[in-house]
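Labels run A, B, C and D following the written order; every chain starts at residue 1.
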Amino acid sequence: MSAGLDKGEMAARVARDIPHGAYVNLGIGQPTLVADHLDADAGVVLHTENGMLNMGRAAVGDEVDADLVNAGKIPVVEPPGAAYFHSADSFAMMRGSHLDVCVLGAFQVSAGGDIANWHTGAPDAIPAVGGAMDLAIGAKQVFVMMTLFAKDGTPKLVPDCTYPLTGVACVSRVYTDLAVFEVGGDEVVVVDVFGTTYDELSARLDVPLRRG
Amino acid sequence: MSAGLDKGEMAARVARDIPHGAYVNLGIGQPTLVADHLDADAGVVLHTENGMLNMGRAAVGDEVDADLVNAGKIPVVEPPGAAYFHSADSFAMMRGSHLDVCVLGAFQVSAGGDIANWHTGAPDAIPAVGGAMDLAIGAKQVFVMMTLFAKDGTPKLVPDCTYPLTGVACVSRVYTDLAVFEVGGDEVVVVDVFGTTYDELSARLDVPLRRG
Amino acid sequence: MSVTICESAAEAVAGISDGSTVLVGGFGLAGMPVRLVDALIDQGATDLTVVSNNAGNGDTGLAALLAKGRVRKVICSFPRQSDSYVFDGLYRDGRIELELVPQGNLAERMRAAGAGIGAFFCPTGVGTPLAEGKETREIDGRTYVLEHPIKGDVALVGAHRADRMGNLVYRKTARNFGPVMATAATTTIVQVREVVEIGELDPETVVTPGIYVDRVVAV
Amino acid sequence: MSVTICESAAEAVAGISDGSTVLVGGFGLAGMPVRLVDALIDQGATDLTVVSNNAGNGDTGLAALLAKGRVRKVICSFPRQSDSYVFDGLYRDGRIELELVPQGNLAERMRAAGAGIGAFFCPTGVGTPLAEGKETREIDGRTYVLEHPIKGDVALVGAHRADRMGNLVYRKTARNFGPVMATAATTTIVQVREVVEIGELDPETVVTPGIYVDRVVAV
């Protein structure tokens, strides 16, 4: 299997599909990288579920303010045009489907658009869900950004999730290092392929694919 | 029957029972008069359901501002320490039992504390409820202020309301021109009598009374 | 998606369809988006359901819209006012439908629509005619009635200032229903006194973030 | 009833009973009322249920309260953090109970407690282990799960400024859970950076009106 996209390239690929002027929540971890690839002229407004719209970039040096952090608890800056609100208002905004796009990491996504990203199901794991379940069902479109295969080579795009679910039939697109998929319909559509081939993907995945 | 209290005296009698530091909503109409009898030192804070705490007195002359009105749509003033909020927050405050006292007018109150104050039930009447039902169930204590008898001489403190209800078993005290009653328990307790006698009240009312 | 700053109230209300549910802000005239309502009269949409605290005053604004026969149904808490004769006449003639909703339920049902809540158990109105036919449930010893969201196709809101991202601030008790209505409609159209540049509103004081706002016009 | 301006954090937390449910504000350390939590450790109440977004960081504050064995149960959305080893240890040893709640449900359930809502149908968590055993209902083609209020006996909130009527303003994302927790508890205790005179806060910018606040201490 040849090399596909690296993390930065994946983030850039996701950024390309975010419409101008969209309100977007980027989940903690890799999805945060998408912000670096958004065109400043595109007018994309970032939401952070701890209570801010038009969240800015990571703070550096003297900009760091303990009262101003993102959902990953990383200090950020306040651009002009920002707005603050409390947690109930923030999740009402999310749950009420006012965000255009949410980008999440995942352990598994099913062909039907189910997502598992909060719990490995391991008996000794300490479960933590945060805003993941609210995000999964809250945005008009939910994008997942993940490697297509786990370190042990097992696919993370699966017929049915085996890990505990975060949300049911809520993901619309899956951005991976090797391909971009549309999920949630009758078939999984391969929209884009990187450093591999459609046939190779078909052979390695247990979900029926269709060329996009 | 001798004359009891006039409207101003009734309002003063209600004001006497409002605890220092209480958060209070005064319904439109006669209950509004209670504000004139609250001691400035008592620290009573008035709520108006259209979105303000620490509402001030009626505005006069140049003070009138079309953006600043009370629930009766009368212009009022903004004292220091006021706060504004939207209608959902205002009624959440009420419904969540954060107000200490609410004072309402009524067509009828039952011995059990039911109140009817929004609709006469007349077939050609145009119904209007406003915040009455929210107020009736919202405050920790609901006081009613009304004349004890209608113009035709029928009692307004009744065994059971015949007018459409505003709220069930929610009134604790009824302030009238002739007496003050505690309702909502097993018996109606006469707390205070003005210009009449307990026996006279017993004779004219259909509810069993007890001396307070 | 991004807010459009409109040149006129007519541009702001363009495209409202017949049969729409229109949320109209204001408590009496405080916060009432009078110019947007006037523009809606000119725009011509009919067979409307109007959701507003009151049902119009005098001959202008909402009352004028009603008088032109463009409103099929009013959902409100307090239609009857000293100068609500237009509504009164239509109602008595059976020419307009009324859904009377306690004021707090009106606000909370729109809040639910905006917040993605499917329904909620509410204590207001239990045991009264306004709860008749609705599901009730006892929870922790108190009886509640199940209330459902009120969604709008369009919200017409009056605010004080907007910035070019659509962030809004209101003024005094004119805030009232504006912030909840802005969240509860597919398209939120706002009349303000002034549109300011991005950065001129303090982010701590924004009441309605721009995400809820589609079109703004300064009048 | 009126707010008490306290001289010390110890005075502010006086009287919290064993077995209380304590809502603790903050998202990580932003908005965390650290001094009130420290004072609660000294105060001695035990067998507590703590409701907070996280379950403590490092060895201080909430983590220190947990380490002293004073917390029977934690209701939170995200206990596991890089430095949550105190909670992790107690949980693995079966010495603390955990109710894991999606963050939006945590906020909305406290909002419901403060707003007098008996229960609400929520789309979050449907079909997941966190909705198991809960009532579900299809409304307008979408499935919802019934969620109930979370009430506190006490809320410990960190805000920016208070006036002497208890009106509060917050600062930036430190606002987070403070405003909902203040509404959801019988007794709300607030740590602020500064207490100002009545009239020094702009009434348009007050986030938590004084009606929700019982005690304030400047630290």
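Methods note: a residue touches a chain if its C-beta (ideal position, glycine included) is under 8 Å from a C-beta of that chain, and two chains touch if they have at least 3 such contacts.
The shown structure was predicted, so the numbers you read here are calculated from the model rather than taken from an experiment.
Asks: Chains shared as neighbours by chain A and chain C?
Replies: D
Asks: Could you let me know which interface, B-D or A-D, is made of more C-beta pairs in contact?
Replies: Output for the comparison: A-D.
Asks: Taking CA centroids for every chain, report which one is farthest away from chain B.
Replies: A
Asks: Find the geometric centre of each of chain B and chain C from their Cα atoms only, then give the gap between the two centres in Å, rounded to an integer.
Replies: Computed from C-alpha means, the inter-chain centre distance equals 28 Å.
Asks: Can you check how far apart chain C and chain D are, centre to centre, with Cα atoms defining each centre and the answer in Å?
Replies: Computed value for the inter-centroid distance: 33 Å.
Asks: Between chain B and chain D, what distance separates the C-alpha centroids? Give it in angstrom.
Replies: Centre separation, chain B to chain D: 35 Å.
Asks: So which stretches of chain C touch two or more other chains?
Replies: 108, 111, 115-117, 122-123, 170-172, 203-204, in rising order.
Asks: Mark out which residues of chain B touch at least two other chains, giving numbers and ranges.
Replies: Residues 52, 78, 84-85, 92, 94-95, 138 of chain B each touch two or more of the other chains.
Asks: Which pairs of chains touch each other in this structure?
Replies: Once each pair is checked, the touching ones are A-C, A-D, B-C, B-D, C-D.
Asks: List the residues on chain C that touch chain D in their complex, please.
Replies: 108, 112, 115-123, 137, 139-140, 142, 144, 148, 169-172, 202-205
Asks: Show which residues of chain B lie in contact with chain C when the two form their complex.
Replies: Those in contact with chain C are residues 48-52, 65-70, 73, 78, 84-88, 90-92, 94-95, 114, 119, 124, 126-134, 137-138, 164-168.
Asks: Within the complex, which stretch of chain D touches chain B?
Replies: 1-2, 111, 113-117, 163-165, 167, 183, 198-199, 201, 203-204, 206, 209-212
Asks: Which residues of chain A touch chain C in their complex?
Replies: Contact set of chain A toward chain C: 19-23, 43, 45, 47, 52-54, 78, 80-85, 92-100, 138.
Asks: Under the touch definition given earlier, write down the residues of chain C that touch chain B in their complex.
Replies: Touching chain B from chain C are residues 27-31, 53, 77-81, 84, 87-88, 91-92, 98, 100-108, 110-111, 122-130, 160, 170-180, 207.
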